[in-house]
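In what follows, a single structure is set out as structure tokens and then discussed.
Letters are used for the chains, namely A, B and C, taken in the order the chains are written, and counting of residues starts over at 1 for each.
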Amino acid sequence: MLITLTSDMGLEDYYVAAIKGAIYNQLPNVKVVDISHDIPPFDIVHASFVLKNTFKEFPKNTIHIIGVDAEKNQTNKHLIVKNYDQYFIGADNGIFSLIFDKKPDGIWNINRNTESENYSFPTKDIFVSIACHLARGGLPAVVGNEIQDIKSKQLFRPIVDMNTIKGMVGYIDKYGNLITNISKKIFNEVGKGKAFKIFLTKSEYSIEKIHQNYNEVVEGERIAIFGSGDFLEIAINKGVKGSGGGASQLFGISINDIITIEFKD
Amino acid sequence: MLITLTSDMGLEDYYVAAIKGAIYNQLPNVKVVDISHDIPPFDIVHASFVLKNTFKEFPKNTIHIIGVDAEKNQTNKHLIVKNYDQYFIGADNGIFSLIFDKKPDGIWNINRNTESENYSFPTKDIFVSIACHLARGGLPAVVGNEIQDIKSKQLFRPIVDMNTIKGMVGYIDKYGNLITNISKKIFNEVGKGKAFKIFLTKSEYSIEKIHQNYNEVVEGERIAIFGSGDFLEIAINKGVKGSGGGASQLFGISINDIITIEFKD
Amino acid sequence: MLITLTSDMGLEDYYVAAIKGAIYNQLPNVKVVDISHDIPPFDIVHASFVLKNTFKEFPKNTIHIIGVDAEKNQTNKHLIVKNYDQYFIGADNGIFSLIFDKKPDGIWNINRNTESENYSFPTKDIFVSIACHLARGGLPAVVGNEIQDIKSKQLFRPIVDMNTIKGMVGYIDKYGNLITNISKKIFNEVGKGKAFKIFLTKSEYSIEKIHQNYNEVVEGERIAIFGSGDFLEIAINKGVKGSGGGASQLFGISINDIITIEFKD
């Protein structure tokens, strides 16, 4: 049985190790897999992007603990969400709606533990027990009340106007690659195979071809590909953020900047 | 069986992977868990804080390898320490006395291996064999001589003067939260439920309430809570070190700075 | 069965977790071990140094996935390399010749998967399946064609001139230790036990002794030892890169700088 951890806790403090110890203490034979602990603090958009591109790789019945912005408050309930035959445990801060492209198969509001109300470390003190309960084959209904909805948070979606798609950069990875919110599906629907130009705000360069692999252009050359999530990605082959060479730096592009695709009539 | 690793070796070099390979080579079925490899170099106080707040989460019989300041020298013996039904292996540089709140149940001075005296990488070349010996159920007395004492290193403890507790900041985590050396126990003993003010050196702010969860105050507000180690912690709700928002930066507070609590008569 | 991962992908994006999920999806009982994901981007010399000093610690039959500069192109085939009873999977960018000190026992050019040519993430989309095939006991010849050679890439080797060895710094670790390309073997062959002086370019200091352990000199003192790879290493005892104390900073030494050893006649 697999339990994954996603958090903004880093690895220099004791938090992540305490969570792992607590899991192994209950279930010595479970496998704990780190998704990432380097999520920028409280950044649920970044965390949702990482999870969205990861969870489908994992086997059925995998249990995902989400330790980002995990404090419960009046509007952020602690939830178990079931979708794609996997479980996700976290605070209802909007992240669930960002991870999934379809309505969850089940949502449970985790019951208050009346013995103690002092949970300053909910990922360890609450989510671990819930995850171990589920990993043992326990039902979510035993530890939560089924509810109907998760909090909805929408990211901008591309705008289509005749022969033009206006999207934006939603994520920049460690290589400085620009990952947009323009999917292969919308690109094909609007473009229907016509010639096109991709324009980057703040840059005079345009790109007129989609490649399959970075190495189809020479080192240092700009390239557009559909990345593994099937979203349009603008990159520099072997460019690297930080060394002055990544696409984000060369083009001066930040998260939320506009990417425009114009198809020829 | 679990073996944990705590070190200042980082993950960009080969050291940590060589240690893991060496363990799996001897014991393919053991589980190796990273506590942290991002301990600041040679910082046994940081390492002890991380271990102190972690080890009790782990199951009985867990074996902890401590690869921080691990070189043997004339005063730093290589030790096996047994406490709380777990084993700890490291150099006697003072760290053991910082991890535990009670005398160890057993201390063994690891025997010199007469075959080779060239151990420039003791965590791999010495501690791994010892850990595997223990993980197989071997007795510490087979590989070491029982001794009576560990080297003692004391951190400052809070000073109580009538209605005042003077403590200090002992650790600052990646969110910039200030973790003090003032325990809930001493707070309750001195305070007996009376009203109080917490003063931070170098800051004109005071805090007059202890909360249970960060989210009980609005974002950006200062808050005092007893953290998971039951030590008083001063934080900014959703403040983050590095973005100019963590408590350490907002209050200009560093490790070893004084925190004063004055209780009303 | 062990599968290790070495990459330059870092842990803040989804790449590494997607790889792990894909492996566990195929083989729930395999053990995935991170060698490092902090290899500098596309730096096959750094990656080869880390692997060279690690792989022999691992058990026989371990499978190593190398996700550094892993894109296939006209000259970089995707290979399975067998050596020392272990498998290595990666692109033939020269890294294999840097890892090994002997010719591989077998080399296979991984067959093109004709179903899809869109592999922008070969470490996950190609190497994982190959690794799982091998981990199940499958033969390399089933998924590749045996070939005779790997691409050769040579690093500078020390030059010996009478009583002098001229080597260079090949790697600087996180402590700032300078790891040279001068082996214990060549040192002993040329030196034959004679007195010597080690000179660092750009530094007026010399070192006249090889120690066994860092702690044989006082803190802050320079020291030469043969490190675990049996290569000459110049260090500052308890010096740390970044705090102004590591050997690289104190001596102003960078990768590729010359180290000279002069033996007395």
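We adopt the following convention: contacts are C-beta pairs under 8 Å (C-beta built on N, C-alpha and C of every residue); 3 or more make two chains touch, one makes a residue touch a chain.
Everything numeric in this text was worked out from a predicted model, so none of it was measured.
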item: Copy pair chain B, chain C: interface residue numbering same or different (half cut); value: different
item: Rotation in the CA alignment of chain A with chain C, degrees, nearest 5; value: 120
item: Separation of chain B from chain C, taking each centre as the mean of its C-alpha atoms, in whole Å; value: 32
item: Residue list for chain A, restricted to those that touch at least two other chains; value: none
item: Chain B contact footprint on chain A (complex, rising order); value: 9-22, 24-25, 28, 41-42, 71-73, 76, 117-121, 124-125
item: List of chain A residues in touch with chain C within their complex; value: 2, 4, 31, 33-39, 49-51, 53-59, 62, 173-175, 212-215, 225-228, 238, 240, 243
